[in-house]
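The same subunit A turns up in both complexes below, where it pairs with subunit B and then with subunit C.
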Partner chain A sequence: MPETIQKDSLIGKRITKLDAPEKASGKTRYIQDLDVQGQLYGKILRSSRVHAKIKRIDTSKAKALSGVHAVITAADVPYQRPIGVAKDHLPLKTDRVRSTRDEIAAVAAETEAIAEAALKLIEVEYEDLPILSDPNDALKPGAPLIHPEPHGADGSHEHLKQGMPIAYAGKPDNIAMTFDYEQGDVAAGERESDVVFEDTFFLHYVTHCCMGVSGIIAEFDSSGNLLLYSNTQVPFLHKREFAEILGMDPARIRIIQPPIGGGFGSKLDIYPFEPITVFLAKATGRPVKLVFTREEEFLASPTRQPVILTLRSGCRKDGTLTFRTVNTLHDNGAYTSWGATTPFVMMQTISSLYRVPHCLYHTKAVYTNNPYAGSFRGYGNLQATFAVEQHMDMMAEAIGMDPLDFRLKNAQDPGEVTPQGMHFKSCGLKECLKTAAAVSGYREKFKANQANRDKPGRIKRGVGIASMLHVGGGAKIYPSDGCGTILKMDDFGAVTLITGASEIGQGSETVLAQLVCEELGLPLSAVRVVNNDTEITPWDVGVHASRTTFIAGNSAIGAARKARGKILAAAAMQAGLNAEELDLRGGHIVETQSGKVVMTLSKLLRQLHFNDKAELVMTSFYYEPPSKHQDKKFKGDVSAAYAWATQVVEVEVDTDTGIVRLLKVTGAHDVGRVLNRLGIEGQIEGGIVMGQGYALTEELMVENGVVRNPGFRDYKLITAPEIPEMDVRFIETMDGEGPQGAKGVGEAPAICIAAATANAIHNATGVRIMALPFTPEKVYRALHAARKEAA
Partner chain B sequence: MTALDNYVAPTSLEEAVEQLLELGEVTILAGGTDLMPQANAGRVKFKRTLMNIRRIPELRGIAREGDEIRIGALATISEIMAHPLVREHLPLLVSAGDHFASNQIRNAGTLGGNVCNASPAGDTLVPLMVLGASVELASMLDDKLYRRTMQLPEFFVGPGKTRLATAELLAAVRIPVPPQGFVARFHKFGTRPALDISAISIGVGGVLKNGVFSDVRVAFGAVAPTPVCGCATEEALEGKKLDAATIAAAAVAARDEVHPISDVRASDWYRKEMIHNMTKRILEDVSTTH
Partner chain C sequence: MSQQLINLTLNGVPTKVSVPVDMSALEMIRNVTGLTGTKYGCGEGECGACTILLDGVSLNSCLLFAVECDGRQVTTIEGLASDPLGLRIEKAFVEAGAVQCGFCTPGMVVQARQLLQDNPHPTREEIQRGIEGNLCRCTGYVKIIDAIEAIAVGKES
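Right, the complex of A and B next:
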């Protein structure tokens, strides 16, 4: 036993993720690797048409194939209920298909190959309907209706159950969702403006490309309880949703999450393959496993929402912003998932990234026959920031102001409550701007590149800046944003941390363990995290909105502090000392001042366990702190804390080819406080690369409702040689409510890369491109058009 | 559930072509880097017999035979890039290999496979055409092993289609040892530096003496159903001094003689523009470095 132990903090250290050894050695068992005794394999037949009536389905040949246990269509599951955010969507389609991903039938068979062969034996007769693939056409008179009144499995109305949600029961137009927001008086703002710009920005389809494709295993036990092995990001909410869809008691549904190979928001909704797998398990009485192929993942998992965004904004000659008016058209696709609600987040950037007195904001998400959009890291913010930050540069240029100074003049300060009602208790935007600019040499490079534009040479360099604001302290989307923790200690000083928060590869379990160790003076190796079983873990609203470190972290700290209090009180009693003078360090109880060891923790714990009054299981919860929730007009606060960042991007544009190469990204991120330095660096670097893909190479090409590049050959993720040099600085604003001062950072790094890249291309070439992605051909065309115009 | 009934793995070229003649419907497996993904995606259907040709020694090796360098069909891209004969005489193939897919694919993918796959964007095809390569085709004729050779441009018929006869096997690629003063360039134009399918590719080769370019060969990839010769561009360059005017004229000739299509990778207009700009860039590079 050491005589003294000095205080040692884990906060800010570089800590290897707890799951790294398993993942790096290939031992992690993802859903692909899980097999359940007696399982069958499920496969889904999807539509071969973009928009059509289903006239006839014949499954008899498929059913006759040896090894096939069930072939189901909508007619076989009369108990289906619509799913999705707007409940406009039956898992198995009845009278019509609205996109090529639509599910018509499903097979459960002994092997995947048999299931695959059975799909080919299913005959479907269609009657084509006119295709609506351009969102601009969705609201025109005479546009094909995507959700007219539905018919039952046999084409009649009789099979429609009573009480079906409105969205499912038929829509008279193609509007899926709208958002309207207003602050001040934009007309007055425009009158005060010296400069006004109006432009339309075009944001494209991209998809998550999780390395782990979608999958699920469904198993009923003999009592009718349902066990799901699912990659969901929101297990507790999905328990209830599954219960609703299946007409089951939610208490009889248990969800276990195997290690998840990436989420990025894609697993925030229930998709048809999940209930369909349950239907198959029900029909066969056997566990059924269904895992997507990569092609299926491209065709049938959600996308980021394509947006056509018209922005009108103005400022005065002195650089004060005056107003912003925004109108958007979101391509919702054939069904409504979370993508339709992204305007809720975009609104915050429009109204509050910089100080704008007057704002008017209208959005429409319209149905088309295209793939449907879900939630994706950044949640609309990449799109909004792309428009807002380009206009910032354009206005700065128009009034002859340095783009950095223009931003600093309009940037928010700590303590500010914006006209929308967002309260920035901690805010490092100005520091982010100054740091990113100083470290990258932004001002000098900006001027030098500008001067170099018209000189000879095919390679042009450019530098661009953009900032972002995103929720960093949970998000008040649901009535609650809570998370529970159970913490138990064994006889030897080891801790089991049972948390509601899911791990999706972002490193949350490591950070939570770290926060607990910090309170209990234990090494990281003393903590096991249990976080993937609804039967065991306490409630949590789900992993989304960059909330886990903040919400689940505070919850874990709460439990750890309870344990600490109990241990120190017992130790104080035994040693005849004051609990306030004691601390936990290195598995020992020590005197805080001197570090003198009083006793070993494990010995004390054993004594407590043999004492019938000892309770070494702590429970705690954390709900967002009280603040003004948004009202129906979206005025109020959406998060307990906000994350800020500025990124400076340096590019090289080859004017002969249009190829844009990212040379360097300098980021300054207000993260509240760095907890796990290695983890946060990884998240920011990963986010930058995701933003880079959005800006330059990734595009799900959808033509007339058909995805033309459902594979990694022509859906171009960033490859290693393209990744730029990165210099990331952390601005530690020590948020008062954050766990150890930290704020959420999961989504932040992906948000402003595209905007900064657009500004950098303009700095390099004088050409401004308002449509993503900046593929070589698109950039070359823009340069070519500019050259023609000049000549 | 593929309808594969039969698997053979002959150990000599003679045995292989005998079996080809006998079995008729055969799918050939060499490196598998094209075959397997295409089969998995359903674009290629396995025939009744799968023939693994990897155990045939005559298909291996890189050697000089008179004025030619013979590269066995099974030589992998990595082997070719590392081979001293190739490095000395055919550096163009080494630089083409540098842009070929990824290290893993280069280690498995074979030259014979790349040629027989006959993709208009095949990365070795344009350089091979610039080098004047021919293919050595083996078959059974009157109970004897028979070999014929065919110039590469003649060999290609369309995407994935060649003049390889049903019972014929590509045994090797033969490349004449380039003459003194031969310079060549290959430019693969894709949108990213690794793991890319080219949107266009250009190869230029010829003898440069006292600034004059002769015996010029130009080939383009991904602008037609097969890799194609740039005859008009060759004409614009043949016997000319590589000065700015010649280069400009050649770049225009190149753009005007190709007729690419629009697809997910690029539009026809952009492909033509890139043929122009990259031809110019290659020729400028040749003129300034030699």
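Right, the complex of A and C next:
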């Protein structure tokens, strides 16, 4: 036993991930690697048409194939209920298909090969309908209606096809969702303006490309309880939703999340393959496993929302912003998932990233026959920031102001409550701007590149700046944003941390363990984290909105502090000292001042059984602190804390080929406080490169409703040689409500890259491109058109 | 589909398996021999998650027929548990923070093993080129490059 132990904090250290050794050695079992005794393999037949009526389905040949246990269509599951955010989507389609991903039938068979062979034996007769693939056409008179009211063969509601649930009533037009927000008086704002710009920005389809494809295993026990092995990011919400879809008692559904091969928001909704696998398990009485192919992953998983965004904004000569008016059209695709709700986040950037007195925001998400959009890291913020930050540069240039000064003049300060009602208790935006600019040499480079723009030379350099605002202390998009923790200590001083928070690779289990160890003076090796079984873990709203460190972290700290209080009280009683003068360090109880060791923790814990009857199981919950929730007009606070960042991007543009290379990204991130330095660096670097892909290389090409590039050969992710040099700085604003002062960071790094890249291309060439991605062809054409004009 | 009996050395162990002639080496490794460390990421040789060593040379096992492994040495991520350099790489990945969701990691580790065997002291740029065929969606590659560089310059922690 050491004589003294000095205080040693884990906060801000480089902590290796608890799950990394298993993952690096190939021992981790993802959903693809799990097999359940007696399982069958599920496969789905998808539509071969973009928009069509289903006239006839014949499954008899498939059913006759040896090794096939079930072939199901909508007619076999009359109990199915619509899924998704707007409940407009039946897992198995009844009378029509609305996109090429649409599920028509499903097979459960003894092997994947037999299931695939069976799919080929299913006959489907279609009657093609006109295709609506351009969102601009969705509201035109005579546009094909994507969700007409369902009618039976005789035209009445009474004789609907078997399998059509009554709840599904159709839609009178192609509007899936609308959002409207207003503050001040934009007309008055425009009258005060010296400069006004109006432009339309085009944001494209991209998709998550999780390295682990989607999959699920569904199994009923003999009492009818359902066990799902699922990659969901929201296990507790899905218990309830699956229950609704299946007409079950939610208490009878258990969700176990195996380690997840990437999430990024793609697993926030229920998709048809999940209930369909349950239907197959029900039909066969056997466990059924269904795993996508990569092609299927491209065709049938969600996308980021494509947006056409028209922004009108103005400022005075002195650089004060006056107003913003935004109209957006979102391509919802054939069904409604979370993508339709991203305007909720977009309007925050429009109204509150900088001080704008007058704002008007209208958005419509319209149905088309295209792939449907879900939630994706940043949740609409990449799109909004792309437009807002380009206009910031354009206005600065028009009034002859340095773009950095222009932003600093309009940047928020700590303590502000914006007209939308967001309360910025901690706010490091100005420090982010100044730091990113100073470290990168932004001002000097900006001027030098501008001066060099019209000189001869094929390769031009550019520097661009953009900032972002995002929720960093949970997000009040559900009625509650809580997380529970159970903390158990054993006789040997080891801790089991049972948390509702899900790990999707981001490192939550490590940071939660770290926060607990900080309170209890234990090494990381003393903690085991249990975080993936709804039967065991306490409730949590799910892993999204950059919320886990903040919400689950505060919850874990709460439980650890309870344990600490009990231990120190017991130790004080035994040693005849004041609990206030004791501390926990290195597995020992010590005197706080001197560090003198009083006793070993494990010995004390063992004695407690006999002396104190101490209950060494702690429970705690954390809910976001009380604040004014948003009202129906979207006024109010949405998070307990907000994250800020500025990124400066340096590019090289080859004016002969249109190739844009990202040379360097300098980021300054207000993260509240760095908890795990290794983890936060990794998240930011990964986010930057995801943003780079969005800006330069990634595009899901959808033509007439057909995805043309469902594979990594033609959908280009950034590869290792293409990454920029990165210099990331942390602005530690020590948020008063954050766990140890920290705020969320998961989404932030991906948000500004495209906007900053657009500004950098303009700095390099004088040409502004308002459509993504900046492929060589697009850039070449833009430069070429500009040259022609100049000539 | 007709079956074929093949003999291979899998991670040092003589192994006899019967496989359909159209089966990929990836499917054989995962579904016939039950070693799941090698991952399916795309099935068309674009992502590198299924990287293995065949007679000591790295390749995408999804593009290799299982029957082509007959009479040859196959090493998977599990096989690196008895390979000193492989173990050093795995440790370096953990220490450098090169692992997030971890799905690409086994393929990356096997590819790094190939790279460091061919060139024990690669530059950063050579490392980037060396893992060009392996996709990662989480890390932005920086910490993966850091991990391999730590071994290349002898600065493992």
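Quick notes on this structure:
Simple rule for what comes next: the second predicted complex is superposed on the first by the 770 of 791 C-alpha atoms of A that agree within 3 Å, B and C clash if a C-alpha of one lies under 4 Å from a C-alpha of the other, contacts with A are read in each partner's own complex, and residues count from 1 in each chain.
Following the convention adopted for this analysis, a residue touches a chain if its C-beta (ideal position, glycine included) is under 8 Å from a C-beta of that chain, and two chains touch if they have at least 3 such contacts.
Note that the coordinates shown come from a computational prediction; the quantities given were computed from them, not determined experimentally.
Judged by the touch definition given at the top, the superposed model places A:T719 against both subunit B and subunit C. Touch criterion not met for A:A475: it reaches neither subunit B nor subunit C. Contact comparison for subunit A: of subunit B and subunit C, C touches the greater number of residues.
Within the superposed three-chain model, A:K23 lies in touch with subunit C and out of touch with subunit B [touch as defined at top]. When the two structures are aligned on the shared chain, A:E681 is found in touch with subunit C, with no touch to subunit B.
Applying the stated touch rule to the two superposed structures, the overlap between the subunit B and subunit C interfaces on subunit A comprises residues 711, 713, 718-721.
If you check the complex, the residues on subunit A that touch subunit B are 113-114, 116-117, 295, 656-657, 659, 697, 701, 708-709, 711, 713-714, 716, 718-722, 775-777, 780-781, 784. Listed in rising order, the residues of subunit A touching subunit C in the complex are 14, 16-17, 19-30, 32-33, 208-213, 259-264, 293-294, 504-507, 678-679, 681-683, 685-690, 711-713, 717-721, 723, 726. Listed in rising order, the residues of subunit B touching subunit A in the complex are 1, 41, 189, 191-197, 264-267, 270, 273-274, 277-278, 281. By the touch rule above, subunit C contacts subunit A in their complex via residues 30, 35-44, 46-47, 49, 76-78, 80-81, 90-91, 93-106, 109, 125, 127-129, 131-145.
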